[in-house]
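You will see chain A twice below: alongside chain B first, and alongside chain C after that.
Our next item is the complex of A and B:
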C-alpha cells in the first residue's frame, strides 16, 4: 500500500509499504477514505518529538471502511464506516473505566520510554513516535486499529467524510479545551492560536455559551476564519502588536479573560524579538524542547482565579515558566491529550443536529501523494492553509 | 544528494552564526594568543558585524527578517575574504603568524561552512505551492471569507 512516512527532519515521503495485518483478536483493518495532517504532526516533521524512526507512517486523524476484523471485535462489521480516535485505549483499565482514554494504562507497548519522559506512561497514539507506542499511522491506504471494539465510532448516515473526520482528534480536542474552562454562560475566553484546534476551541466555547471569544494569532487569514466561521467575537493579531497581555486587558476592562486556552503548544511563534531568538537557539540545540511564549502569555493574561486550559502539545521541558503569576493569581491549570472516546458520540450528535459543521476548517483537499507538499504548505502557512485533508 | 552535500539548513546556520559570534567576541582572542592586539580588534569587529546582520536575516533565528538568506550567505563569503585579506593589506602579516593565521583560519572555517550550507535554507518553505494549488479541490479563500458561521451558539452544555 501507499503511505506517507517520516524520513527525517523536514522530510516526509509517500512510499510503498507492506499492508497492515490483524495481529490481535481485538484489531480491525480500516481502508482509509480520508485522513488529515494535524498541527501536532508538524512537531514530528520539525524533529522536536524524539524517538521517531525513518519509515514511520504518520497520521492520527483518519476514517474509512472496516475491511477486516479480529475475532474479538463484535461491535463492528466489514463494510462499516468508522472514524478512529487518535488515542488507542483498551477500555478495561482504571483510566479507561474513568473515561481518561489518553492515559490508558495498557495500549502503549513502549511504556518504559514514556515513563522516563513523563513519569508515567501514556496511551498509544497512531503515527506519533515510539514514545506513544510506535503504531503505524493513518496517512496511508490502510491502517491496523488495535482495540477496535473500543475506539472507532460508526457513522450511520450520509454526512460527508469532512463533516465527521475531525471527530478523530481536533474537534474533541478543541471541545475538551473549552470544556475545561468550565463555561456556564457569559464568560470571556481567549484562545491562543487560530489553527485547526484553535478554530474548534473557539467554536466549542461558543457552543458552550461563552459570551465573548477572543482569537489570537499572527496570520490574518486564520483570524478571519475564526471571526467568519468559528464564531470568535474579537481577534488579536500579534504580528501587528506583540503585547497580547495588554490587548487582552484592554478588551476585558482590565480584568483579563475568565479562561485562556493554549492551542499552540511547543513551537510557539509568538514572542518578543530577543527572547524568541534565544528560545529558537535553545530549541535548535536541543537544550530546551518547548518554546513557551503562548503559555507564558496565557498565564500572565488570565484573570486572577481563572483557568488556563492547555491543549497545544508540549513534549518535554520549557524554561521561564511564570510560577509566580501562576501561584499568586490562584490560577487553575488543566490540560491533556484529549480523551477523544469520551466525546465522540456526544459531538457526533451535535454534528447530526446541525449545531456545527466541522468541515468549515478544511482549506486543502489533496491526494495522498501530495502529502509532502501538503506538509510544507501547512507548516509555512502558504496558500491560506488551515487544514489539509488527504484522500488515499 | 547534491555535491558537496549541504546538510546545514538555515536554522543550524543561524546557530553557528550566533555561537561563533559569541565565541569570537569573548574567548577566542585570548585562546589564540592575540588578546590586546590589532588582530583581536579585527576579529571582534568581524564577529560583531556578522552577528549584527544575522539578527537582520530572513531565517528562523533572525529577529528583524529583512535580509534574504542567500544575501546573508553572500555577505558571509565577502566577509570571510575581507577578513583573510586584512592582515596582508595592512602589512601586519610580517609581524608573525599570530597576526594573520587566525584571520585565514577563520575565513577558511567560514567558507567551509558556506560550502555545506543549503542556499535554499531548507527548513524554510521547500514545497511546490503551485502543485498544491493545482491539486487542491477546495477553495481556501471561499472557505475563510465567504462561508456562513459554522456553529450555533449555546447548543452544548458542560457535562
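Our next item is the complex of A and C:
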C-alpha cells in the first residue's frame, strides 16, 4: 500500500510499504477514506519529538471502512464506517475504567522507553514516535487498529467524512481543553493559538456556556476564522502588539481571563524578539526541547485562582517556567493528551444535531501522494492554511 | 543499581496469584530468576500489587547462571518487561504489539526498534505473528 513516512527532519515521503495484517485478536484493519495532518505532526516533522525512526508511517487522525476484524472484535463488522481515536486504549486497566484513555496502562509496548522520558508510560498513539509505542499511523491506504473493540466509533448516517473525521482528535481535544476550564456560565476564556485545536476549543467553550472567548494568534486569517466560524467574541493578534498579558487585562477589566487554554505547545512563536531568539537557539542545540512563550503568557495572564488548561503538545523540558506566578496566584494546571474515547459519542451527537459542523476548519484537500506538499504548506502557513485533509 | 520492580494489576489478589502460577500466564524470566515475589492488595479499587525483589533471588539461581550469560541483558529491565506483559495479558487478554515492537514489550526491541510500518510476510513468520 501507499503510506506517508517520516524520513528525517523536514522530510516525509509517500512510499510503498507492506499491507497491515491482524496481529492480535482485538485488532481490526481499516481501509482509510480520509486522513488529516495534525499540528502535532509538525513537531515530528520539525524533529522535536525524540524516538522517531526513518520509515515511520505518520498520521493519527483517520477514518474509513472496516475490512477485517480479529476474533476478539464482536462490535464491528466488515463494511462498517468508523472514525478511529488517536490514543490506543485497552478499556480494561484502571485508567481506562476511569475514562482516562490517553494514559492507558497497557497499550504502549514501549512502556520502558516512555518511563525514561515521562516517569510513567502513557497510551500508545498511532504514528507518533516510538515513545508512544511505535505504532504505524494512518496517513496511508490501510491501518491496523489495536483494541478495535474499544476505540472506533461507528458512523451510521450520511454525514460527510470532513464532518466527522475530526472526532479522531482535534474536536475532542479542543473540547477537553474547554471542559478542563470548569465553565459553569459567564466566564471569560482566553485561547492561545487559533489553529485547528484552538478553533475547536473556542467553539466548545461557547457551547459549554462561556460568555466571552478571546482568540490569540499571529495570523489574521486564523483570527478571522475564530471570530466568524468558531464563535470567538474577541481577538488579539500578537504580531501587531506582543504584550498579550496587558491586552488580556484590558479586555477583562483588569481581572484576567477566568481560564486560559494553551492550544499551541512546544513550538510557540512570539512577538518578543530577544527571548524567542534565545529559545530558538536552545531548542536547535537541543538544550531545551519545549519553547514556552504561550504557556508563560497564559500563566501570567490568567486571573488569580484561575485554571490553566494545556492541550498543546509538549515533549520534554522548558526553561523559565513562571513558578512564582503559578504558585502565588493559586492557579490550577490541567492538561493531557485528549481522552478521545470519553468524548466521541457525545460530540458525534452534537454534529448530528447540527450544533456544530467541524468541517469549517478544512482549507486544503490533497491526495495522499501529495502529503509532502501538505506538510510544507501547513508548516509555513502558506495559502492561509488551517487544516489539510488527505484522500488515499 | 535497583533490584526491585513492581506493577499493579487491576484484578483481586486471589485471581492474580492464581494466574501468576498458571502455565498460560507465568512470567518465564521472573520464574527462572527465582526472585522473591509478593502480592499485596492495592488501596481502594486498584487491584493487586506485585512486588519482585531480585536481591532476594536464590543464590546460584538460574538467573545468575545461564539466563544472564545467554542474554547479557540487564536482569531488572527484563523483570519489568515480564511484569508488564503479565499485566497486559491478564487485563486485556493479549500482549499489545506495535509495528515498532511486534513481539510486545521487550528489552531487545527497546534498543532496536523496527520502523513503524507493517511487517512483510517473512518478518511476520520470524516474529511468529
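As a convention for this text, the second predicted complex is superposed on the first by the 391 of 392 C-alpha atoms of A that agree within 3 Å, B and C clash if a C-alpha of one lies under 4 Å from a C-alpha of the other, contacts with A are read in each partner's own complex, and residues count from 1 in each chain.
Keep this in mind: contacts are C-beta pairs under 8 Å (C-beta built on N, C-alpha and C of every residue); 3 or more make two chains touch, one makes a residue touch a chain.
Since this is a predicted model, take the numbers as computed values, not measurements.
Enquirer: Just checking: does A:127 make contact with chain B only, chain C only, both, or neither of them? Give me first, second, both or neither.
Expert: Second partner only, chain C.
Enquirer: Of chain B and chain C, which one contacts the greater number of residues in chain A?
Expert: If we count touched residues of chain A for both partners, the winner is B.
Enquirer: If you stack the two complexes on chain A, which partner ends up touching A:230: first (chain B), second (chain C), both, or neither?
Expert: After superposing on A, A:230 lies in contact with chain B but is clear of chain C.
Enquirer: With the two complexes superposed on chain A, say which partner A:382 touches: chain B (first), chain C (second), both, or neither.
Expert: In the superposed model, A:382 contacts chain B only, not chain C.
Enquirer: Looking at the overlay, does A:118 come into contact with chain B only (first), chain C only (second), both, or neither?
Expert: neither
Enquirer: Any idea which chain A residues touch chain B in the complex?
Expert: Chain A residues touching chain B: 10, 175, 179, 182-185, 203-204, 206-209, 221, 224-225, 228-231, 273-274, 276-277, 280-281, 284-285, 346, 350, 353-367, 370, 372-377, 379-380, 382-386, 389.
Enquirer: Taking the touch rule as given, give the residues of chain A at its contact with chain C in the complex, in rising order.
Expert: Listed in rising order, the residues are 3, 5, 17-21, 23-26, 51, 53-57, 72, 88, 90-94, 97, 105-113, 124, 127, 130, 133-137, 144, 146-147.
Enquirer: Residues of chain C touching chain A in their complex?
Expert: 8, 10, 45-47, 77, 80-81, 84, 87-88, 91-102, 104-105, 107, 109-110, 113-121, 124, 129
Enquirer: Taking the touch rule as given, give the residues of chain B at its contact with chain A in the complex, in rising order.
Expert: 9, 11-12, 14-15, 18-19, 55, 60-64, 122-129, 131-133, 135-138, 140-141, 143-145, 147-159
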